[in-house]
Every structure is written in structure tokens, then in C-alpha cells.
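Presented sequentially are two complexes of subunit A, the first with subunit B as partner and the second with subunit C.
After this line comes the complex of A and B, so read on.
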């Protein structure tokens, strides 16, 4: 992966910085350039907004057939999480037994290694989730 | 707007077709459709081809002129356009062909769809397919395409009590139907136990809950109904062709127990046709995963939300049920060469409405529907076809 492609997403992936529409107050993560409710009124009024990192599991799956960069990691749990500020996101749940994971479970974000580009390539970091 | 008819259909066998290239498949499907229509190459005014990722699968983009070249049609210099909408690419191509004829811009239009998916390794195919999801915010974190549908499956199970057995019953039915389709990738009949015993791909979806990686191409010829009468007396016309969009990401959707994109495309199609779900005799839905068929038959209005699994388990969507669903075998058994799927769905309905579906023929089929989805629900195309 080209470095700029990874580098420009660092604020969101490292620090959960999304956007807040200062017209209606809704929070978006990952960041959106335009508020889908206020649209043109939101132009120039979307400001950075850091999520607390806590949320609730809406649904989850255990991946047994992984994509190329995740071979050897399986099985791992991927979840759809509703963050306390409102937005949903997709993230891995770690440090927890599979049978402990339930819909409705409280989770919090943690900073982890996501994948790498091989022995000499970049290492990509970002958020995963653990039990709150 | 002019009324539009399907006057010719043609497809390759779907499957792992190692001895045929992308271009061989395109040429074969196109030639079969042209022969079936009884037209000549010089009669064609425009061409559309649906393809998701010929770049990712065979390192070839710009496939519309490639299709013109393999068909030997270059001397006519007709407009040829490739359209992309992930797994709905074929459906969008059909709708573009429909609009071109309905508007009066063109008379005879050929619409194709093709994908050659087995020239790359399985994990690479998974990676290419993941580009139909949100690469930066879903796939980057290790999410897969089956994984996204697994999230919807678990949510649906949690909310409505849909069971793994009900999911499996979709695959069992579609394999049964596919066993009677000579073009299907898998003709083996399976049981609920087979599905539940197959390896887990993305819990709760087993391998046999998932549509396969497939090579294949499909093509249809469209013409205004008035002109169609010169070529065939078994006229199948469009009553509606509708398309809708939603977020590419699953996480930004308004709900997770349905595909809002299907609801909107379906409502638009019924409105255009002036019909209701009760008027539909059979439907080809986008069963990329078993949960997708259950949500589709609910979202299109055939069954109440949450009752699609039960309806399938009770046989209401079987070949002899009240609403036969995926008589072709669906994506699950017929195979899912992503760009070709939306076109192949129209072929199945056309064959059924012409009474040419062989062993899997639905008796007295008069009005049929197709439902084609891109990604985890970012795009949907719904067509309604009628025999006249």
C-alpha cells in the first residue's frame, strides 16, 4: 500500500478523530466531508471531533476465511459497533474468548497493530476493541 | 417511453472454466444471444457490458471494445460501454440497455455481463471482491465480504429468531433447482445437514451458505416491442426497470435487518409497473449468501420482515411453492460470475416466461422479477418482465 494512503488516515485510525456537523450536532465516524442531513448547510462547518472510544456490539462474526494480509490470524472476531456518540463502525474484538462476545456487550477502543506489508514494508496500526 | 422487449438470450455454462478466457466467454454468450434473437451483427445499434473487476481478476480494463473486437463487430463502430456496480454490474448494464431502447436513442441493443474469476487464487479473489465493500473502513481492518453478510445474518437471527436451519434451507432449495439447470456450476443436491456440517466461513455463515467463485458470461438482445414482433412471437417485455443506491459501507446504513436499497428499488419497480408483490409469479433474487435471499424476499414485499426464513423452510419459495424463488439455482448453485449475474437473472426469467425452462419450468409463469445487488447493499436493480 502506498504510504500516503495509509498516512492520511492516521488521525482517524490512531485517535478516533471523526467529524461533527456544527449545524445539527451529529457526529460522524469515519469522517465524512458532508453531513447527509444538513448537506450544503454543513459546507465548511464540519469540525474534527474525537470519539471517547466506547460503544456497544450491534452484531459480530467470527472470520474463518481471511483476506490476504490476515492469513494466519483466523479465527478472529469482527464486530459492528455503535459508538456512544452515535456512529457505527467495524472493528475487531480482541483479548476475549469467543463465547464471551454477545450482542449488547460494552466495548472500548484500544490501539493495536492491524497488519503489515511484509518483512520490509510498513506496519499499519489502528483501533481494535476490548471488553469495557 | 417505448416498450422494450427481450428478443434474444445466451449464456455460457457457469463454473470453473479453465479452458476458456474472459474473451472466449464474452464471445460465446454474445454469439448465442445474437443467434437466439435471429439478428445479425450489423443490426446492433449499441452495446453495454457489465463487469465488476476484469482489472482485478484478469488485469484487463476497457472491456467494452474488447467485446466488440472478439465479436468481430468493429467495422460498425457502435457505442460500446462497460458499466460497473460490483455484483450489480450486470443488472445496471441491463437497465442502461433498457433506457437506451425505451428513450428511442437506439433500437437494437445487446447487453452482456462477464467475469473470469478463477484465473487468480482464492484469497486474491476474496480480496478483489472486498473492494465492493468500503476498503478503508471495512476491508482494511480484516473484514471480508462474507463477514459483512454474516453481521446481517446474526443481527437478523437475534432480532427475529431466524435459525441456521432456515438459512441452510435456502441453499438446499437453490441446489435442488440448480440440479435441473444445465448451465449451473453445482448440480449436486444437498441437505440441511450438509450445509451445517460444511466449514465455517464467517460465523454464522458456512461454506454452503455462500455463493461460489465462478467464471461465466451472459448476454441478452433488447428491442422496442414493435420491432421485436419482426423477430419473435414469444415476446417478453419489461414492465419495469428500477435502480437504487445507498452507502457503500454497511455501518452507515439506516438499518441492518434489511437492505434499504432493495426496498427502494423494489418499490420503484412495482410503482412503474403498476403491480404488487401478489402479481409476481416467480423471482430471481440476489442470494450471494443465504441470508441475502431471506432479506430479499422480505424487502421486496413478498413476506413480512422476519418471516423470510420460516417461509423458505416451509417450502413457500420452492419450485412448486406459492412464489418460486431462484428457479435457476440462484447465485448459490448456478454460480456467481459477478458481472454476469444480473444479465443471467433476466435470462432465467425470459426462459421461464417463454416456457423454455425445461425440467424447472414454472407452470403458467406470466410475470417474473429479477433482483440484483451490488456490494453489501450499496446498489440494487429490480426488473419486472412479462410474457405477452
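After this line comes the complex of A and C, so read on.
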């Protein structure tokens, strides 16, 4: 990953800061510059909005064949999570056995190492989820 | 007056038992547990390091204290296992707790006492009215060479303390330090594991520095061991803190609540601060605590603390209960989590 891209995304990755449309009140994560519902009316009216970090598992899958940078971490669980403020996001569920994870389970965000660019490269941190 | 306005501790969920490590190296588990006073230690998950542990501890401290993180004027992270050699852990923490950008931040290193050195700096800055709140964190994912005696104790965990002048749950009455050049334990630049002087880490290092710092503190405060409800010492194993407590005249009921090493291992820069967190978890207003850290190399920082009324309303999280929620791993998984399998 390019370091500047990671750096730009730090507010979202560390603190789940998305955007809220002040016209209709919808919350978006990851942040969007324009509300897809209000469109031009939302221009300049999107404000930073920090999610509380709590949500519900909508669905999940177990990764046995990971992409580059995640080798050695398998098996791990990636879940589709509906955050309490409305947006859905994909996140890893950690510190939880596969058979403990259920659809509808409550989760909360935690701060973990996501990946690195090898032993000499930058380390990228961000949100993952644990059982609430 | 400077007081602790918030604290938070974090210990990873995974554990490895002494028996499991002893099995690999042909040691007798009962002689390890008997000699070192340790039964199991915490293991960081594959995606945990000093920065993630520091963030978890810091977030707990801020949430419980109810302060606005943007009012934190200084963050110091003490560790001997910072994820980067050059690039501060403290800015990662500051960003993750929402304290950036108007603050000073730095990483400290002094073996196991870098966290308490940071705490002293925060006390100084608050006292000088240079900052409103300061946060000091001691956290480590301690390294040990496979097969070294340290492997039985080198653990992971950390604690964060926020100090300020307003509100507060425990007043810091005074702090003293004692430091000399004593090469009892070291890790050279670029080396993955530390080396240590075995028995030399005891008398001229741990015991000498802790007893001197504690005696200086009690002399200055005009106190005796029986004046304290609780005593917390650095815990490189389960034996040293018990012996140093006896040497100074403290009894089991004073140190047992803060003695976590037998069940989580040595969390290095976190060690004394994590023990203090477990002690604050049950302390009552008016209770007096003496807490003394030790860092090889060598030095000790001692703190005299009086618990305030504010502790009654403070949302305490019960660290011992968190520690009891654990999952055991085998030696192979431990090696994988520690990144030893390349």
C-alpha cells in the first residue's frame, strides 16, 4: 500500500470517522463527499461523523486462502457488519472462535495491526472487531 | 495538587502455560513455577503489538475518565518493544484517541520503567501549568529468545494513566527516583532478543534500586510500610516482588492484589502500572498506595498515592476479571503469534 494513501485514510481507519449528510441525516462510511440520495443539495453539507464502533454481524465468511500481506493469519473471519448508525462495513472479527460467531452477534471496534509492507516497510493499523 | 484522573489497562486474551514451554525445552514445570513464581503468561495475538496495546489502554482510560481527549497536552509511551525503531508509537496513540494535533508526544525507553518515567514527566508538566492533562503509558510485547529463562515470563500488556489538576480519583503525593549504571539486562541495536545477567539482575539491580527508591519516598513522606494499604512493585517474575516487599516490611495483604505476574507474566513497561490498575480497581477513598517500578540498566521510580472520593464514581473495569477471560495456546501457535515463524 502507498504510505500517503494509508495516511489520508487514518481518521477512518483508526477512529471510524465517516460523513453525515446534514440535509437528510444519513451517515456514510467510508466517508463520501456527496450524499447519493440528496446529491447536489448535499454539496458542502457533509460533515465528519464518528461512529461509536458498535454494530451487529449481518453475515460472515472464514478466509482459508488469504490474499498477499495476510498469509499466516488464516483462518480468520471477515464479517459484514451493520453499524448502529446505519452504514455497513466489512471488518475482521478477532479474539473469537469460529463457532462462537453468529449472525446477529453484537460486536465493537478494537484497534489492531492490519498489515505491513514487509519487515522494512510501514505498519498499517486500523479497526477490527471483537465480541461486545 | 496533581492527581490521576483516569487509568486503563489492557492484557491480550491469549495465554501459554509454563508446562507448555517447559515441555519444549525439557525443563521441569514445577521447578520453573516454584523458582520463578509464575504459572502462565499473556501472549499477544498475531495482530497485536505495543501500539495496539497502548491504544486499547489509552482508550479505556479516556472513556472512563470522561475527559475530552483534545485537552491532553502530552502523551508519552514507554516500552522496550516499540513497533518501529524510528517513528513514534506515541503519535499512533495520540491519533487513535483523538488527542492530535495540539500536544507534545514522545516515546520513552528505559527497560521496564519507561512508562513511569513518562508519568513523572506528565506530573511535572501538569504541576508547571504547561498542560491540562498528560497521559503516560507503559506497554510491551516483550521479547525473549526461544529457550532462554526469560521465555517463561516475557509477556504482553500495558496500562495508561491520565494526570491532571482537576477532578481526579487518586492524588499523587510525591515521587522519587533512584538510578545507576548497572548493566544487568540489555538488548543491542538491531538484535531481536535481550541478554541478561541472570542472578546479577537481583541484588545489585532489582533489589537495590527498588529498596532505595521506596525508602527515599517513605523518608520524604515520613511514612512507614504499615501506613500503606497497598504496595505494588515491578514484577519481572512472581518471586522478586514478594521478596522485595518482605525486605521493605510489607505484608502479603498489601501486595497480593497488585501482584499479577504469576497469572500474566512480566508485561515489562506495563508491569507495575498494570498492577497499580488492579489495585485501584478495588481501592477505597483514603487508601494509601506505594508503587515502585524498576527498569534494568538500572533505575526505579516510586510513587506515593492517596485514593480520593472521586474513585467512587469512576467506572472501574475490573482488570482481574478481564484477565480471567483467556484462551490457552500451544507453543507452535505462540511462536506464530510472536512472528517467530518466518
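Following the convention adopted for this analysis, the second predicted complex is superposed on the first by the 132 of 132 C-alpha atoms of A that agree within 3 Å, B and C clash if a C-alpha of one lies under 4 Å from a C-alpha of the other, contacts with A are read in each partner's own complex, and residues count from 1 in each chain.
As a working rule, contacts are C-beta pairs under 8 Å (C-beta built on N, C-alpha and C of every residue); 3 or more make two chains touch, one makes a residue touch a chain.
Quantities reported herein were computed from a predicted structural model and do not represent experimental measurements.
*Asks:* After lining both complexes up on subunit A, report clash or fit for subunit B versus subunit C.
*Replies:* fit
*Asks:* Just subunit B (first), just subunit C (second), both, or neither: which does A:40 touch?
*Replies:* A:40: touches no partner chain.
*Asks:* According to the stated criteria, A:125 is in contact with first (subunit B), second (subunit C), both, or neither; which is it?
*Replies:* Only subunit C is touched by A:125; subunit B is not.
*Asks:* Considering only touches as defined above, state whether A:14 meets subunit B (first), subunit C (second), both or neither.
*Replies:* The second partner, subunit C, only.
*Asks:* Looking at A:71 after the superposition, I want to know if it touches subunit B, subunit C, both of them or none. Which is it: first, second, both, neither?
*Replies:* Touch status of A:71: first partner only.
*Asks:* For A:114, using the defined touch cut-off, is the partner it touches subunit B, subunit C, both, or neither? Pick first, second, both or neither.
*Replies:* After superposing on A, A:114 lies in contact with both subunit B and subunit C.
*Asks:* Which partner, subunit B or subunit C, is in contact with more residues of subunit A?
*Replies:* B
*Asks:* In the superposed arrangement, does A:94 touch subunit B (first), subunit C (second), both or neither?
*Replies:* second
*Asks:* Superposed on chain A, how close does subunit B come to subunit C by Cα atoms? Whole Å, please.
*Replies:* 12
*Asks:* Please identify the positions on subunit A that touch both subunit B and subunit C, taking each partner from its own complex.
*Replies:* Dual-contact residues (subunit A): 73, 114, 128.
*Asks:* In their shared complex, at which residues does subunit A touch subunit C?
*Replies:* 10, 14-15, 72-73, 94-95, 97, 110-114, 123, 125, 128
*Asks:* Using the touch rule from the top, collect the residues of subunit C that touch subunit A in their complex.
*Replies:* 13, 45-49, 51-52, 55-56, 59, 83-84, 92, 95-96, 98, 327, 336, 341
*Asks:* Flag every residue of subunit B that touches subunit A in the complex, lowest number first.
*Replies:* Interface residues on the subunit B side: 123-124, 126-127, 130, 136-144, 146-147, 150-155, 158, 199-205, 250-252, 256.
*Asks:* Which subunit A residues qualify as touching subunit B in the complex?
*Replies:* Subunit A residues touching subunit B: 9, 30, 58-71, 73, 75-76, 78-80, 87-92, 103, 114-115, 124, 126, 128.
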